[in-house]
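Alright, structures below, take your time with them.
Okay, so subunit A shows up in both of these, paired with subunit B first and subunit C after.
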Partner chain A sequence: MQRQSDRLDISSERSSYIGQVMDVKNYRVRDWGAILALIVLMAFFTAAGSNFASLNNLQALVESSAIPVIAVIGITFVMLQGSIDLSVEGVASLACIVTSLFVANSVTSSHNLGLALVVALGSGLLLGLINGLMYSKLKIPSLIVTLGMWFVARGAATYLFPSRQPQILDPMLMSVALDKHFGLSGIVYVAIVLLIIAYFIQSKTRIGRLSYGIGGDEALCRLAGLRVDRIKIAVFVMSGFLSSLCGVLLTAQLGVGNPRGGDGLLFPSISAAVIGGTLLSGGKGGVFQSVVGVLILSVIRNGLQQIGVDPLLTQVVEGATIVVAVVAGSWHMRTKLRVAK
Partner chain B sequence: MTVPVYEMKGVTKRFGSVVALDRVDLCLHPNEVVGLVGQNGSGKSSLMKTMAGVQSPDEGQMLLRGESIRLKSTVDAAKRGIGLVHQEQSLITNLTVAENIFIDKSCDFFKHGVYRWGDLLRAARKQLEKIELDIRPDLLVEKLSFAQRQMVELAKALALEEMVTEDLVILFDEPTSMLSGPEIEALFKQIRRIRDRASVVFISHRMDEVLELSDRVYVLSDGRQVAERPKNEVDADELFELMVGRQRTVAVRAPRTRASLQPVPRIELKDYRVGTIGPISVTVGAGEIVGLIGVQGSGAETLCRSLFGLEATFSGQVLFDGKPLSVNSPTQAMKMGIGYVPAERKTEGMLASMSIADNMTLSFGFDYAYAGTLANRTRERVEADLWAARLKLKAHTLDDPISRLSGGNQQKAVLGKWLMSRSLKLLILDHPTRGLDPAARADLFQSMRELAEEGLSILFVGDTLDEVILLSDKIVVMRDGQVSETYLDVARETPSEKSIVRAMV
Partner chain C sequence: MDNHSPRSAFRTAGQAIALALILTTAQAAMAETKTPAIYYGIGSESSEYGNAQVFGAKAVAASVNAKFSVLASDYQGQKFLQDFGAIFAAGCKDCVAILDPASNAFTKALVDRAAQADAKILTFWNSPDGIHPWDTDSDNWVAHLSFDGVESGYKNGQALCKSIGGQGGVVALMGIADNPPAKQRFAGFKHALAECPGMKLLDSQYADWDQTKAQTITRGWLARYGASIKAIFAEDDGMALGAVAALREKGLAGKVQVSGSNGQSDALALVKSGEMTSTMYVDGAMQGAVSTALGYAVARGDLDLKKLTHAQREFYLQQTLVTKDNVDQVLARKPNAADYTYEKIKANFWQTSAGPVPTGSLK
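Moving on to the complex of A and B:
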C-alpha cells in the first residue's frame, strides 16, 4: 500500500513537472487570446485572400518572421522584468555595418567572416552590457538609457559607413539567407534554435525565473537576498547580443551593409511582445507568447497585402492591433486608482 | 536555568521623531510560545521586524542563543534560523509556490543558475506535506486564496527546519487576521507541532487566541513593554487593561456647544455594504463628529474610502441630506460636498514636489476662478493664506515645497485643501493623527471641533482609543466588517477604554 502510494506520488510529480515545462496549467483564458487571434486571422485571410494559404506564401511568412523573432526573444526577457530596450534598431544597424566592413566586400580589403562575427556580436554584447550597467547601477530608467544607446549605435553605424555601399561578397554569409533547406533559409533555423534555448533559459534557469520575480515584485526579490542587478544586466547583455545577431543576419539577407539596416525592427518586436501578452509592467508573458505576437503581425501584414490593401494602410491596422491587444490584455486590471503611464 | 533562545535588551527604534520601540525587553525560552499583544501602533510589528532583521535597532542588544548579534538582513536572520511569517504577504505572486518557499535560501536545485524543477517541486511538496497543505507546489501563488498564501508563508519559514541545525525562532505577525475558523485551527496545529523544534512569538488581536496558544504573554503599549504574564496568571480582562496602558496624561474633553443632541442627519447609511463589509448602519449628523475605531481590517478604512468613491460601488440605502446618494468616483463625491483626508498622507494626500499653496488650491482653486474658467491665482492665494493662518500652519511662506514641512503642518495643508471648498458638508478623515506629534494633534483636534461647531459633519477613523474618546460626539466601533458597538452620546456617558477594546477584538 505504502509502496503504491509512493509510486503514485512520483508519477504525479512527473506530470506536474511536465506541466511546468509546458506552462499550460498556469494559463488562463486571456492567455489563449493571442493564439486564438492568430488562428482567426489566418482563417480569415485564407477565406478572403486568393493566395494566403499557399505553400509559397506561408514560407514567405515564416521567412519574414524569423529576424523579428530573434529580436523579440531579447526584448521579452527585458520586458518581463518591467524594463524596456529601445536600442534594438541601433545595435542591429551597427552590427550590420560592422559585418559588411569585415567580411569580403566591395569596399574594404578585409575578408574575414570570423572576425566580422566576433566584432559585430561583440559590439552587441558590449552595448547591452553598458545598457544593463547604466540601468541597474546608476538606477536610470531603461527607457532613457536605451533610447540614448539607440542613437549612439545608430550614429556610430552612420559614421562607419564608407563612401560607397559595401556589397557583401562572402559566399558563406550569403548562404545563410539564400540556401534553403526544406524550403526555409538558415535564418529560420537559427531563430528556431534560439527559441529553444530561450525557452530553456526562461523556464529552467535562475535568470529566467527571477526575471518573472523581478517583474512581479523587485523589492521582495531584493529582500530575499537575490542579486537583482546581475540578473538585470544579464538580460540586457542578452538583448544586445540578439540585436546584433539580427544585424548580422540582416546583412546576409540584404546583401549590402546598410547603416539603417536595423530600422523597422523595434516596433514589431515590442508590439509583438505586448500582443503576445507580455505586460509592459513586467512579470507576465514569455518567449512563446511573444512569438505568437510576431506571427500575428506578420500574418496581418502579409494577409492585407494578399487581399490587395494599400501597404501604407497596413501600418494603420498594425498600430490599431497593438492598442487593441493592450486594452484586451489589461482589461481585468482596471481599478479606480490604477495609474497608467 | 536554560539560556534563552532569543533575547532583546533595551531595544529602541526611532523613525524620525516617532519612537516606535522604547527600551523593549523580551525573552524567548526554548520551545516556548510567547504571545505579543498591544493596540494598533503599540510597536508589535516593529518589534517583530527588528527581531527578524527587516530593520535594525537604534539602541539595545539582541542575543541569539546567548550570543550578541546584529542582523544585516532577513537572509542573514534566516541563516541563523529566524523566520518571519509576515502580516503583509511577502510572496512573489507570479512565481510558483515552490519557488517562493525556497527563493531566499541557497539550495542545490538552483546550483549554477539552472533549475532542477523535479527536485525543487519534490522538496516543496515535502514542506507542504509537513504543514498538511494540499496544494500543488507548481501553482502560481496568485491562484491561491489568502488563507493558502498565509500557509505558504508558514511553509517558507518552516523550511528553515532542514537547513539550520539549531532550534528555530519563528515569528508570526498577526497570522490569523485574514483567516477564518478552520484555517486558524490548522495554523494553530502547526504552531503546536513546531514547538518541538522551535520557539515562537505570536501576535494577534484576538485575546482568546493568544491565551489559547501562548505560554507567556507580553503586552506592548506606546512602544514599551509594559507587562509580562505567564498564561495561567492572566485573563483577557487584565490584558485589555494592560493594553490600554499606563494612565497617560489625562487630556480633557473640550466642551462642545452642540445645538442639539439629535442633530439633523447629514448622511445616513442603512444596510450599507461594500465588498465583504456590511451590513452597516451609521448616521452622521450636521455638525457632529463621529469617531470610527477598529483593529486593522475591521473595515473602518474601507467604509471611509467607499464613501469617497475609491472602492467598489456600495449597496444599501445611503441618504445624504435626505436624498439618495450614489458615489462612484472621488469627483462625484466632491460634487456632493464630501471631502477625504487619506491615511497615506505622503502618497495619497499631497503632491510632495509641489508647494504648500499649490497643494492647498489643487482641488478647489477653480472655485475662485474668473468666470469659473480662468484661474485667479491671487484670490486662491488669499484664501489659502487665510486657511493656513486659521489652521495654525507654520510655514515661512506657502510657496515652500510641502515636503519641507513637518508631518503635522503637512496634515494641516491637506485639511486646508478641503476647507477651500465652499460647499464642503462632510469631511472624512482616515487616521488623521498618524505620525503627528502631540502639539500638532491638539491643533488638529481644535480645528476639527471648530469646524464641527460651524456645521461641518466629520467622520474620522481614530488611531487610538483616547483620541476617539476625546474628540467624538459619537463613537462607532467596528469589528470584522460590521458595527459591533455604538456610543451615542460620548459627552454624557463617556465609555471606558476597556469597553471599547472589548468591542474591537
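Moving on to the complex of A and C:
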C-alpha cells in the first residue's frame, strides 16, 4: 500500500511537470528577442539602402520567404519533439520531378495536374510515414532515418530524371506562381493559410501540445500513458507532406522539373527555426518563432544585396549576422541552445 | 600404398593435364578480357549535360565492348577521391578514368592516384594552371579537355550588348567563386563590357549555379534597379532559367535580355521563344565520346602518349553560340549512338578541338 501511494505521489508530481512542459502560452513571450532582431535588421537596412523598404522589394522578400516558410513549419513540429528531419530536400526534389512528369510538360505526354498532385504529395506523405514508423517503432534515431530517406528520395528523383529538365506547360500550375492577387502570388497565400492551420494544430490539438511534451520529457509522457508514437508518426507525416508541397510549388515557381529543386531548403530551415527560438533539443519554440527566423534570414540576404555588399563578403556578413542575431535574441537560453557539448 | 598403383598414376597425369588445360584457357581468357575498363565521372546524373556525356561515352565504349561504369561526384571532389580511390586501390592497369575533378584542388590528387595504380586518366574543366598532362604523371595523365569559358562570356556579352542596342544596365549571376569556368566566363564578359561602353554593369552576385538562388537574387535586383536593368548575364543556363522565372513574375520575360551558357534544351527553348537572348551550346555527347575514345586508344596502345603534342593533350572542344538565328538548327540536332563509335572518332581524335588551352586560363 505504501508503495502504491508513493507511485501515486510521483505520478501526480509528474503530471504537473507535464503541465509545465506543455504550457505553450509561456513560450510566446520568451521569443521577443528574435522579433526584436528582425525589427532592428529591417530598420538598419531601411536606413542603409533606400530600396529596402520599397513596396517592390518587400514583395520580393515575401515571395522568396514563402516556400521556406512552408518547409520550416514541418521541421518545427519535428524539432519541438527533439527530433530532426533531414529528408526535406530529397522529398521536395522528388515531388518537383514527379510533378513535372505528370502535368503537361515538354518531355512526357501526360497532362494531369490532379494526378500529379496526388502522386507528388502522396510520395511525401508515404516517405514521411516511413520516417515516422522507423523512428518511433524501430527506435532508430531520427537523424539516421531521415538522412537515409534524404538519399533515397534524392536517388529516386535522379532515377526519374528524363535526362533533360521537363518544362512545365500546365497554365494552372504556373498561375500559382505567376498570377498576382494584391501584389502577391498564390504561393504566399498557401504559406499564410498553412501557417494559420499549423498554429491551430500547435496550440489547439493534441499533436501540438504533445509535441512540446515529447520534446520536454518523453519518458514522462509515456509514463502518463500518452500515445507518444502516434504523435511522432503524425508529425513526420506532416513534415513529409509539407516538404513535397514545397517541391510542387518550386516546380510552379521555376517552370521546370528539377531533380535538385529542393536543394538549399534544409539547412536554412533548421537555422531559421533555431534563430527564431525553436530549440534543437526540443520542447520550446513554435511555428511563429520559426517563421520569424525565416524572415530574419531573408531580410539579411535581401538587405545585403540591396545595400550592395561585395558578393564575396555576403556569406561572411550573413553568417556573422546570424550569430549576432542568435546571441542577442536568445542570450537567456544560451545554455539550452548548446546541443553539442 | 594404393597411391603408387599404375591406375592412380594415370589419374594423377589426367588431373595434371586437365589443370594445364584449365590454366591455358584461363590465360587466353584473361588476354581477351584485357579490354580497358572505362570509369566515367560526371558532376551529376541529374543534369542534362551529365546525361549527354554518358550517352556519347557509353556509345564509344559499347562499340569496342569495353566495360563502362558511371560515377557522380555531386560536384564534390572529395567524393571522387574516395570513389576512384577505391577503384584504384588494388592497382588498375587497364583502367581509364575520365572525370571532372569538381575543383582545381582535387585534380593533382586524382591524377596522382591514377598514376600510382598505373591507370590512364583524362580530366575536364578543372585543372590548376601550373600542371599539365605532359609534365605531371605524363605516362598516365592522357589529356585535359575543357570548353573556353572566356569565349562563352565574351560572345554572350556581345549578344546582350547587341540585343539592348548597346545601351543600358546589366547584372551578372555568377557561379561559384573559386571555379575556373565561372571565373573565365566572367573575364570574357568583362571583355565584352569593355567593348560595349554603353552597357553598364550594375551589380554581380554569386548564385552558386543554383536556379532558385538565381531567382531570389533577380527578384532583389528588380526591386533595387527596376527598369534600369536591360539585361541579365548568367554564367550558366540553370541560373538563366531562375532569372527568367523571376522576370516572368513581373511580366518582364522577353523584355529584359538574358544570356546563359551550356545550351541545355530548356534554355534553347527559351531562346526560341524569345525569353532568352543567347546561350553557349557545349556538345556533352561529343565530349564524352572523344574523351572515351582517347583514353581507350592510349590504354590499348593505339596512341603513343610520347608522340602527342601539347595541343593534343590539353585542348578546348568546339562550342556554338546559340541565338534566335541558329536555335532551330541546334534544336534539330539529335545525338545518334551510331555517330559515336571508336572507329569513327579514331579517324581524327582532334577533329572537334578548338585549339590548345592558353597559358594562364586555368587558374
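We adopt the following convention: the second predicted complex is superposed on the first by the 283 of 341 C-alpha atoms of A that agree within 3 Å, B and C clash if a C-alpha of one lies under 4 Å from a C-alpha of the other, contacts with A are read in each partner's own complex, and residues count from 1 in each chain.
Please note the rule applied: a contact is a pair of C-beta atoms (placed from the backbone, for glycine too) under 8 Å apart; a residue touches a chain by one contact, two chains touch by 3 or more.
Model, not experiment: these values are computed from the prediction.
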Task = Check the residue A:Thr46 against both partner chains and state whether it touches subunit B (first), subunit C (second), both, or neither.
result = neither
Ask   = In the superposed arrangement, which partner chain does A:Gly216 touch: subunit B (first), subunit C (second), both, or neither?
value = first
Message = Taking the superposition on A as described, I'd like to know which of subunit B and subunit C A:Arg206 touches: first, second, both or neither.
response = first
Message = Just to be sure I read the superposition right, which of the two partners does A:Lys284 touch: subunit B = first, subunit C = second, or both, or neither?
response = first
Ask   = Looking at the overlay, what does A:Thr108 touch: subunit B (first), subunit C (second), both, or neither?
value = neither
Task = Identify the partner contact of A:Leu226: answer first if only subunit B is touched, second if only subunit C is, both if each is, neither if none is.
result = first
Query = More residues of subunit A in touch with subunit C or with subunit B?
reply = C
Subunit B versus subunit C as contact partner of A:Arg301, first or second or both or neither = second
Task = Would you pull the subunit A residues touching subunit C in the complex into a rising list?
result = 49, 51, 54, 56-57, 59-60, 63-64, 106, 157-158, 161, 163-165, 167, 177-178, 180, 185, 250, 253-256, 258-261, 263-264, 301-302, 305-306, 308, 311-312, 314
Remark   = Seen from subunit A, its contact residues with subunit B in the complex are 13-14, 16-17, 19-21, 25-26, 203-207, 209, 212-213, 215-217, 220-221, 223-226, 283-284, 336-337
Task = Within their complex, state which residues of subunit B touch subunit A.
result = 54, 73-75, 90-96, 99, 103-104, 110, 113-115, 117-118, 121-122, 125, 136-140, 143, 309-311, 329
Ask   = How about subunit C: which of its residues touch subunit A in the complex?
value = 44-46, 48, 51-52, 55, 174, 177, 203-206, 210-213, 215-217, 219-224, 226, 241-242, 244-245, 248-249, 264-266, 269
